[in-house]
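Paired with chain B in one complex and with chain C in the other, chain A is shared by the two complexes that follow.
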Partner chain A sequence: MPTIAIDAMGGDFAPDEVVKGIAQLSLETDIQCLLVGDESHIQRILNDCTYDPERISIHHARDAIGMGEDPKAAVRAKRDASILVAAHRVATGDADALVTAGNTGAAMLACAQHFTVIPGVRTAALASVYPRQTEYPEQDGLALLLDVGATVHCDATELVQFALMGNAYARRISKISSPRVALLNMGSEPTTGGEVLAHAYRRLRTVPGLNFIGNIEGNDLAKGKADVIICEGLLGHVALKMLEGLAELVVDLAGTAAREHWRWKLGFMMLATSVGRLRDLTDYAAYGGAPVLGFEQLLITAHGRSSARAIKNAVKVAAKAVRDGVTGEIAAAIGQL
Partner chain B sequence: MGPRRATRAPAREPGPLILRWDLDKTYLKTEFDSVRKLVRIPFEKPQDKVAVPGAVPLIRGLRDTAAHAGRTVQVYFISASPPQIAKAVKEKLALDGIEYDGIVFKNQWQHIVRGRFRNLREQVGYKLTELLASRRDTPVTADEILFGDDWESDPLIYSLYADVVAGRVDRDQLIDVLTVIGVDTRLIERAVELTGSVPRSDGIRRIYINLERRTPPTNFHAFGPRLVPTFNYLQAAACLFEDGYLTLPAVAAVAEHLISAGGSTPERLANALADVRRRGHLARTSAIAVREYLHARGLLPRRRHTAVQRSWWERLWPWEQLRQWVRLLTEQPEPAAPTAIDYRALVTDWRAGR
Partner chain C sequence: MPTIAIDAMGGDFAPDEVVKGIAQLSLETDIQCLLVGDESHIQRILNDCTYDPERISIHHARDAIGMGEDPKAAVRAKRDASILVAAHRVATGDADALVTAGNTGAAMLACAQHFTVIPGVRTAALASVYPRQTEYPEQDGLALLLDVGATVHCDATELVQFALMGNAYARRISKISSPRVALLNMGSEPTTGGEVLAHAYRRLRTVPGLNFIGNIEGNDLAKGKADVIICEGLLGHVALKMLEGLAELVVDLAGTAAREHWRWKLGFMMLATSVGRLRDLTDYAAYGGAPVLGFEQLLITAHGRSSARAIKNAVKVAAKAVRDGVTGEIAAAIGQL
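What follows is the complex of A and B.
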């Protein structure tokens, strides 16, 4: 069973929700969890939980990096911060992967400091999964979007590498034998979007074994056209936040309307199941977390507002990625490029 | 919870060491969480019954350690199961090689015949009177270690028993608490009568509660440091080593059994050991002694020591061994400082939380 290091102090509701999630997980799976953070605080929370101590170890770390802190300054100043210590434990082989709901920038820097980049990879990518329509019954309800913030702008080579990394992740985690990979662009024509995207398009067409389906536009994101969508970090981050915002807006609007007029309320009640399903679809807690791809070690970043359930699912995703050899598959794909 | 540190007293003439074990979920891995499993119990053969991993070597280790120190040991089992399963249980104990001095079963049939149906499920009155009756015939110098689980009311029964024997709960308080619990008046009268005839002694040293249901440890804080909730018998063994009731080889035997019969792994045992230390039930020095001994026998994963740590431990280890043996032969553990338990409030909270 894999050992997963968890930054116990990272996240808006840390360490309480993180520790509770791990306590629940310890009763459900064989995953070994290494909680990194303030030992006495973590144990106090555990004492109030139903848990299996045989599956939980704690590594004390004095400091923690807050969600609002400047990542660079914090990583420099807090050498014993939980995220840095956790990354170090993974790098030394004491754990197989790292999960954090904390400051994403600090997590990326911690990985850059301690993890080893897969030979040939130019830059790591932060991926995210999001719900989308499905076109056939067995299709995974989640698509993978990368990069969503590890980079700002990138060149064609980096986009091609993102495609290979996303392809490997989808093959292993979503069990899609030949994931459909697309490039997020402002039009479907091969030459649109400027020189970098056009160059990336041409190169992606020629990568053997990659099921590249061409460019897709923003309105295709929520459709089931592609399983892996590639873009530079700035664009990916904006797209992801917009998807999240829209989903919240729909749920909020429905609730507000229902409160204002009885006819709307009646309609809302009739649609309750559908709204509930929409809420479920946009519930990040169900997806666990998103991977950072490109290192020999694996990092899963969970949402900052992660509940115990979200943390639990993030650790499950990490364990699955370790078991299924995601990083090995990525290394093999990059090696063949 | 504060640490349960025991102070140590100079050697005195040792009385017998009495081990009292609850049977189901403490010694035996009895499955009665569904009606189907409950119905199967009377038909189980001795060889079908399974001991909780670590329980058998723990009892053997306690016996051997006490015998080595020149103490007699008595082992008693108390069960809320009916006497109809006594034969199979006794045969199971024989199969496990466990010698015992007494075993009590609850005569449920008697309650049915007399129409006392409430007594069928009520265990506090039954177990408390049985414990007091047994204690009445015990030398006043006897020390007791009690083992129970978190399924029914063992923490409450054992704590009440310890405080009644120590004279910290008087007759009126006992009547009050047992009445609040809803114990049959005849059993209350019997408990009060026994209380008067039991010699006063602070001899109940420790209560170990096997967290079979994984009840949160905080739920037991009100019982004070005398009660130690443990997730497996390695945790109990480590604490018993600290108190001088077990040797390190006996602790290792428990760890071995957890791996061979309980499906545990060295990594999981290391986590369990660290957990009981973090919860304040095991001193850091004792935890290190246990850990290093188990490491050396491959029962815990090998840690990557720095050269400084390694040389420190290598120098310390013979002294630590010598200290443990001297302590075992010359000192006897004193009970953890008793905590004044408000049983009335505890009964209300305890029953509300269950």
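What follows is the complex of A and C.
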């Protein structure tokens, strides 16, 4: 059974929700959890929970990096921050993967500091998993978008590597044997979107075993057209934030409806199925978290607003990725390039 | 009264909806309309309408460029296409501005071929007007996003010019005296998003009279934070298509609801107000169209699916832009840079 290190102090509702999630998990699976953070605080929360002490250990870290802190400055100033200590424990082999719901920038820097880049990988990518419509019954309800902010701009080689890494992750985690991989672009023609995208397109078409379906446009992101969508970080970050913005809008609407008018409330009840489909977009708890790809060790970042259930699912995804050899598959794919 | 040239053959429902829209307009305003396209076809449609013949003239053009045609190839092959002839009529001074609901790429090429670039402007921009939430009662319900596809990548000077052009347009058309101008980026810090965006940020902060509010992220696009949002074409195109994709999703949902279940139908009736707000996103007819900025002559592109009402509104916007001296204001702003 894999051991997963968890940054107990990361996230809007940390450490309470993080520790509660791990306590629940300890009763459901064989996963070994290493909680990193303020030991006495963690123990106090555990004391109020039912949990299996055989499956949980605690590693003390004095400091914690807040959600709003500048990542660079915080990582420099707080050498004993939980995210840094947790990354170090993974790097030394005491744990197999890392999960955090905390400051994403700080988590990326912690990886850069302690993890080992897979040989041949030019730059790590932050991937995001998001729900979208499906086109056929067996299709996974989640798509993988990368990079969403580890980079700003990319060259063609980096985009091709992102495609291979995303493909390997989707094959292992979503169990789609041949994920549909696409470039996010401003048109469908192979030469659209400037030299970098055109070059990436040409190269992706020739990668053996990759199901490259070409370019997709912004309006295709919410559809089931592609399973793995590749872009530079600036573009991916804007797209991801727009998807989140839509989710907020729907929650706002539902909230207003429930609070203000009985007619709206009734209307929403009647629309349960269809609005539910939209509202699923906001349910960060249901899907496990977003992987950072390109290191020999795996980091799964959960949403900052993660509840106990979201944390639990993120750790399950991390354990699954370890068991299924995701980083090995990525290394093999990059090695073949 | 300004004379507006209209590409009668451009759009999914052209020439019927275009000509009907112009016929209606002729009874409502003093705007002179020059319909460019297949004369006998246009006249046949007019014969079925009530219209004021004093306000409408027809200029024959043998050819038309279809929505799905490759713009470059079509513009080369069809020299007598309605959009090219119409652009030429504007360039020679027979009309003051151009409106089309047709192939946007072909329209941009027609401008490049016939229009005059405003002195100092590095590259023209395609702007898009989209509805979003408002933050205060007097705020315009529409925001302006540019560039959405005339360029791929931009340098800092081009982004600064887009800001000035968009600012001038919003000041004149939306009558916001000091529109809030923002850069679309992956974070709020001035140095975020790479050298080009950081450089543009520094320069925008120093432009006198420009209400530059800094960077906004993808989730801010649907809010009322900024009135004029600046980005390179690749980013703007993806963002615009995502906004359109959201609109499609809502229409899909409403369509399914109306067709399939009486409960959904009832639910939607009860939700009329709130869903209506979302559904407004799809009402291309209500807002006039997207301007191409940077030429001494003005082009307003209406959505391909434009109805008669949408065409009418696009022509009204074009006439307003002419009367209010939008291109003069842009030239003055660029000249001061």
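Assume the second predicted complex is superposed on the first by the 320 of 337 C-alpha atoms of A that agree within 3 Å, B and C clash if a C-alpha of one lies under 4 Å from a C-alpha of the other, contacts with A are read in each partner's own complex, and residues count from 1 in each chain.
By definition in this document, a contact is a pair of C-beta atoms (placed from the backbone, for glycine too) under 8 Å apart; a residue touches a chain by one contact, two chains touch by 3 or more.
Bear in mind that the values here come from a model prediction, so they are computed numbers and not experimental data.
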Chain B versus chain C as contact partner of A:M242, first or second or both or neither: second
Chain B or chain C, by number of chain A residues touched: C
Contacts of A:A73 with chain B and chain C, given as first, second, both or neither: neither
Partner chain(s) touched by A:V152 [first = chain B, second = chain C, both, neither]: second
Chain B versus chain C as contact partner of A:C49, first or second or both or neither: first
Touched partner set for A:A222, first chain B, second chain C, both or neither: second
First (chain B), second (chain C), both or neither touched by A:A332: neither
Chain C-contacting residues of chain A that also contact chain B: none
Residue ranges of chain C in contact with chain A within the complex: 133, 149, 152-153, 184-187, 193-194, 197, 217-223, 233-235, 237-246, 248-249, 253, 256-257, 263-264, 266-271, 273-274, 277-278
Residue ranges of chain A in contact with chain B within the complex: 3, 27, 32, 39-40, 43, 46-58
Touch list for chain B against partner chain A, complex: 1, 214-218, 231-232, 264, 267-272, 274-276, 278-279
